[in-house]
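Just so it is clear, A, B, C and D label the chains in written order, and each chain counts residues from 1 on its own.
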Amino acid sequence: MITPPEISWVAIAPDLALAIGAALVLLVDVQWKPAPRVLGWLVGAILAVGAGLTILQWEQGADALASGDTESLVAFSGLITMDGFAIFSRFVLIAATGLGLAAGWRFVVSLGRRGAEATALVLLATTGFSLMVAANNLVMLFLGLEVGSIALYVLAGLARERRESEEAAIKYFLLGSFASAVFIYGVALIYAGTGSFEILGIRQHLNDFVISSPAVIYIGIGLVVAGLGFKVSAAPFHTWAPDVYQGAPAGLVGYMAAVAKVAGFAAIARILLTAFSDLADTWLPVVAGISVLSMVLGSVLALVQGDVRRLLAYSGVAHAGFIMTGVVGGATDGVLFYLAIYAIQLVGAFAVVAVVSGPDGAGSSLEEYRGLGRRSPLLAGAFTILLLGMGGLPITSGFVAKFGVFTDAWAQGYQWLVIVAVIASVVAFAFYIRVIVVMYMDDAGDEQPLRVGPERWVLALAVGATILWGIFPSSLLDLAADALPI
Amino acid sequence: MVPVGWYMALAAALFLIGALGMLLRRNALVMFMCIELMLNAVNLTLISAGRAMNDLNGQVAVFFILVVAAAEVVVGLAIIVAIFRRRATASVDELSELRG
Amino acid sequence: MADFVWLVIALPLAGAVFLHFFGKYVKEPLSGWMASAAIGGAFVLAAIAAVPFIQGGGEPVTISLWEWMPAIGANFELLWDPLAALMALIVTGVGTLIHVFAIGYMHGDERFHRFFTNLNLFAASMLTLVLAGNYAMLFLGWELVGLCSYLLIGFWYTRTTASAAAKKAFIVNRIGDFGFMIGLMLVFTVFGTLSFAGIFERAGQELTSGMATAIGLLFLVGATGKSAQIPLYVWLPDAMEGPTPVSALIHAATMVTAGVYVIARSAPIYEFTPVASTVVASVGALTAIWAASIALAQRDIKKVLAYSTISQLGFMFLAIGARAYVAGVFHLMTHAFFKALLFLGAGSVIHAMSDEQDMHRMGGLMRKMPLTATTMAIGALALAGIPPLAGFWSKDEILAADFARGGWFYVLWIIGLVTALLTAFYIARLWVLVFYGEPRWQEDAHPHESPRVMTLPLIALAFLSVVGGLVNTPFRLGLEHFLEPSFEGVHIQEAPTDWLTLGILAALSILAAVVGVGAGVLAYRRPPERWRRFEESFEPLWGTWELAYGVDDLYGRTLVLPGRRLAEAAAFSVDAKGVDGAVNGVGRLVRGAGDWARPLQTGFVRNYGVLFLAGALVVVVWLVASG
Amino acid sequence: MLTALILLPVAAAIVVALIPGRRREIHLPLGIALSVMPLALAGYLFWVFEPAAGFQYVVDVPWYEPWGIAWNLGVDGISLPMVVLTTLLVPIALAASTTITNRTKEFVMYTLLLEAGMIGAFLALDLFLFFVFFEAMLIPMYFIIGIWGTERRIYAAVKFFIYTAFGSALMLAAIIGLALTYASQEGSASFALSDLAGLDLSVGTERMFFAAFAIAFAIKVPLFPFHTWLPDAHVEAPTAGSVLLAAVLLKLGTYGLLRFNLSLFPDASVDAIPIMAILAVVGIIYGAVVAIVQPDLKKLVAYSSVSHLGFIVLGTFALTSGGLQGAVIQNVNHGLTTGALFLLVGMIYDRRHTKKIADFGGLQKTVPLLAGFFLFMTFASIGLPGLNGFVGEFLVLIGSYPALPSFTVIAALGVVLAAIYLLWAYERVFTGVPDKEENSVLSDLSGREIALLVPIAVLIVVIGLYPKLLLDKITPSTEAVLDRIVEQTDYTMPEPGRIGDVFVAGDE
């Protein structure tokens, strides 16, 4: 007899809110053709509801996790969890969405009537990724991934006047689908090897049985890691990132990069640390290898870029490596903290790029930042702090984040990885510093101050978060420490 | 009865063919079809594995993948058409302005 | 009782500080008089404090002032004993006279008060040196006199030669200090303190002879720097670029004797090292004859005196190396008198001749400046060792003591004797060339006798040069008794006691002096062509002497130039290209890696796909292989 | 109180930031006035400091407890002089910056933030906290060099930043390793110096950690061969930057070696004596030799720093009373003299807009006061007794000899070389006749400039003659460091002679 799945509205309430919100935006747009302002308020309200619901979830999840009652955290017959890990990641996603939309709002407005579509796509993408981080089932995870990714492919191509945007979209789409196919093939092999799609089920299986065909599972893990490595732009699966970052609409790149990274790493952490924790001895060196390659390649390549967006893309590759050290370290709180911090900084940094490049996001070569410190001191100051935060300079949250993941990795016995990581972060300093040099130490070609729109709020928040959590990190660290996966 | 291993091997072969096609062909449309081929290889794997283990989950998953594939087609074709309109080519090798 | 001796230092120091800050508000001669009063006051105080020693029965006292570097036993403390008292009296006494002289000599200089500031500072430093109660404080004075020497040699800073000479003096001294400092390190290592009291008390218990030799030789290195002995004497002739009173005070009477003083002070250490003592004496003897020979052929009046000073310092080394400490200190004293006199006289001449220093352009000055001529004659005879002038007694005692020591010291004694002969010759040459014969002046020279303020010190010094030797004659060893408390427990080499030997030795040295003076006078009272021919007959020796054996040139070619080349190589090749190149190379390497890796990002989707798949393949293979 | 000492400059920076940018004329005076407050507080701290009480005014507020990091501050005889020096030189450096006319506000802010960072680094007793300050201060300095420097400022600034960041990166790894070792041994996390100092480390691990710390500090000091960033940074930095860089920032290296390497890794420190001594001595000689022929006055002073700091490292690793005391006091001395020399070079540069030695000559004629001060500082730097440099060098040399005889002898050569390069430079710049026309019309020091130099000069003399003032505060702390090492390792301190005569001042 087929038992109908129990429905737990609580578990998907935020996602539902976002999805419905996306639909609502489209409907409202069609029906009333509202002014962009109105649309803005609507989206804001939707995100606020989503965030509020997430916080409500937290209360419930935290209790259950504390009481050890993990069963109650699983809903929809094991498809979805509402553990702290999921909720924390989801909140980060929603926050990044809010900030990202604010940063890209001028772009959205410039799209005119298509602005609503863009907004809806953003909301949908977030919904997908939100489901992805909450998935306890690999197929569910894949669904979330695809919902999110497909929306992102479209977003990448939204700036249709620009040839680069098209190129970015097709590249992102082809490679992304390819990676998705690889990922799902990995899932299929894991299923073939363990007989389960569920994170908990797989762990159970690996715990209970001697594995008959480990090679299948290992191949599965490898393909899953490759597929997700693509999403988080870890080397050598990173190749799309610079091109897409450069081509996609300036205002939205921050959002796109941030949510993909958060969701991707949440998935990697969940799969590797929960489902395959018993096989850690095998996958740890491989992940460490990916980590090293990402850090080195990302840092070194970022050093020679002449375009800020590409630079940030490669720095994202390096960051993927740093976060990987957290995965190697095996502690989710380090990874989550890093993700939260990095997502905010990334969105903030691209908000600056959006301001400098203009809403359509034409150029972003380093040249355009010349003398920014004189032209728009506040903007340059914010960018400086964000860059240094990403670089991991002490008294910024970036340092706390790096410190956390490095400590975890060291404790795990990966001292050499930490040493490579700290050296890579010095190289990383070198390219962040390059941008700062251009902004402050050269004279401006154009003295006209730049017009800053809603990006200012994004920047204020991002800078505030960077500094405050750099000096008083305990609040966020405590939350991250509580946000355990089931 | 054909052992399940054969099905799996066939699926793997299909997957590889798809992957190689993706790497070798330069027409975006064909490349995309190769991806579809890969997805179907995954489907085959899932079905055979589910069948072998007498587990419905594998087979159910196939439906989801089919839907995803369909969604991808929609978006993918839209993007490809857009590009084709502007450049009158569907060759991805023409699209290499972003690099380095 | 002698607690106030710190005032001896403080008084000139106060003078220096006052003049430094307020000197420019004080009119010209007044500032000079103030400085003279400061050092004169110091002399009075020192004399009062020295009374107990003169009466006999005064005990050395250590006066603690304040902590400095207690960790290495180095504090501000003074040692007031007969040796210190004698040195203080010489420094302040001769110093006062020279101060007064300088009031006249520096008349009209735009930095008049600055000159006296430095002069007073020098006096304070020198007094610190001689009154120091430990090696650290001695070193303090030692370096400060070096500083003052630097400042005063380079007083006329617009003359590049003066500045260069000042720098050279300081640096060459520093090389000596290097040895001295290592000596101090050894002392500290052995004794755990630098205090004289602590060291000398335990010298017998702690010192091995090897260690004593090492310390002794290292102190000698320091002394050769400050007292201008071979091989570090080269700075002193150059130092004559300074104003003449400076040459008199610092580079004849006081500072340059610091090396002698240090070795005499360290007698309890040298007690255990005959080797080092012998080396000291040998260096002294060698320097004495070496410098005397150079002095023979100099044309510059101050250069003659400079080499003469080096030579006489060699005599002092010869004495203290033979452990005739009293004789050494005695000669130090008499030399201070007559050499200061000679320098001041020379200054008077130079002043009169409008800064002319070449003796070939002098002559016949006796008529124009009789007082100067007379006093200088006394100084010259004292230097030559004509009895009963001061120089005779002290020089004779040195030679006698060396003779009495015997062995290797016979050789040194002979060298000394020959040097005495040369000394008598060159000083006679100097006097005759300057004061006798026909005038060979430049057109615009208008020599005249110096003012009273300059001649009075000359007279005073002349008087001292005459009677100064009487404090310690074989008939009455006054100085020896006076200094006894300072050399307690140290073996002092006495002159022979039997009157016959003593008489023969005295006769020999008198003979040398008389022959030397006689030859000098005879050779140079003739017309210029004749003595020129006389000099030429000594070629090529004479030329070598005139060029001072070309040592400066040698040092320049073998040390300075290669050193500079080395520094340039280090700076511009090793550092800029090597070390920094490596650093920048690493940076370039990283960037290069970036540039190299950039083409991987071809822009072609299919290549990206290949990379992706290859990566995935590696991951999979790795996992399977290790799993 | 210590927290206030760190926060005061930050608050001052904020105050300056709040003044609108167009009121340019008041930023600098305001900054100077505000920076006097930390000086006053530091002076008070110096006054009330109890030499024998070890770390005092300790603040220990947990920061994030699960990690064991804490806002842990404390002052002892080793850090106290450095804090006072820092607070003293910041107002001076600011007051010397009147020639900075563009972006004054930012300049003042960066300087004040730099001050906060430096004070924090000296006071931090928690390794995490120390690292935060150690690294964070790079940024203001980076900006100071990069924005207000001369032609190649960007190159210099970037090099400075990356090079020092590289060093500290390794130290970060070592800090993590230490803390984790502590956590695994004690079961609770801590980054406190006092906790970590008591760790049992295997020989290999201890040496590795030592090396990581030592490299970080060696770059900061800088020791040969890690020194090449320094001349570039100095030459390009504006006067205030050079002053603070030389006087305080470099001292973090020597301070770190003394504070952290010696306390955390006593065994490895003892084992590393030969290596550190070699580096120190090579630095002394090499820096001096290279300084001799530098054509640029500022570069010459920079290389002299390399040479002088070698003495401090030598004294530190001699592990004797004299050596350590000398090292600490030389930290202060070098700060004063080299700081003053950079001030003077800056003043010359303000007048002539060149630093090339060959462009000068005969300046004593036109600017006698400046020349006088320069000569004074030169001799202080050469180590003339009676001035402060001598006390440090002499303590180091005499104190180190019993432990490291041959090294010390070679190091003493540096004293000779110092006389050569500095006096030669003085000769070329100041003496002779001013034959270049530009040099004969310069104006001498203004009252403001004299007011900047006089306090330093006074301190130089006071420390030179009465170092007891400092040594009394320093000695108990350095002895404590030594005692710990003797206690924890099989190192026996060389005992020169017998105990020196106990000296009691003025009791007769």
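Rule of thumb we're sticking to: contacts are C-beta pairs under 8 Å (C-beta built on N, C-alpha and C of every residue); 3 or more make two chains touch, one makes a residue touch a chain.
It should be emphasised that the depicted structure is a prediction, and the values quoted were computed from it without experimental measurement.
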Field: Chain separated most widely from chain A, comparing mean CA positions
entry: C
Message: Can you identify the chain nearest the overall CA centroid, using each chain's own CA centroid?
response: D
Message: Looking at contacts between chains, which pair has the highest count of C-beta pairs?
response: C-D
Message: Just the number, please: Cα centre separation of chain A and chain C in whole Å.
response: 78
Message: Please tell me the distance, in whole Å, between the geometric centres of chain A and chain D computed from their C-alpha atoms.
response: 43
- prompt: Using CA atom averages as chain centres, what separation in Å is found between chain C and chain D?
  reply: 36
Between chain C and chain B, distance of the C-alpha-averaged centres to the nearest whole Å: 96
Statement: By the touch definition above, chain A meets two or more other chains at residues 170-171, 174, 178, 182, 242-243, 430
Message: Can you list every residue of chain D that touches 2 or more other chains, as numbers and ranges?
response: 162
- request: Scan chain B for residues touching two or more other chains and write them down.
  value: 19, 22, 31, 92, 95-100
Query: Using the touch rule from the top of the page, what pairs of chains touch, sorted by label?
result: A-B, A-C, A-D, B-C, C-D
Statement: Given the complex, residues on chain C that touch chain D span 3, 63-77, 136, 139-144, 147, 150, 154, 157-160, 162-164, 166-167, 170-171, 174-175, 177-178, 181-182, 184-186, 188-195, 197-198, 202, 206, 564, 566-568, 570-572, 574-575, 579-580, 582-583, 587
- prompt: Of all residues in chain B, which touch chain C in the complex?
  reply: 19, 22-24, 26, 31, 92-93, 95-100
Query: For the complex, which residues does chain A have touching chain C?
result: 170-171, 174-175, 178-179, 182, 214-215, 218-219, 221-223, 225-226, 229-230, 235-237, 239-240, 242-243, 279, 282-283, 285-286, 289-290, 297, 300-304, 427, 430
- line: Touching chain A in the complex, chain D uses residues 63-67, 128, 131-136, 138-139, 142-143, 146-147, 153-154, 157-158, 161-162, 165-166, 169-170, 172-173, 176-177, 179-180, 183
- line: In their shared complex, chain C is touched by residues of chain D numbered 159, 162-163, 224-225, 227-229, 286, 289-290, 292-294, 321-322, 325, 362, 364-365, 379, 384-386, 390-391, 394-395, 397-399, 401-402, 405, 408-409, 412-413, 415-416, 419-420, 423-424, 426-427, 430-433, 465-468, 471, 475, 494-501, 503-508
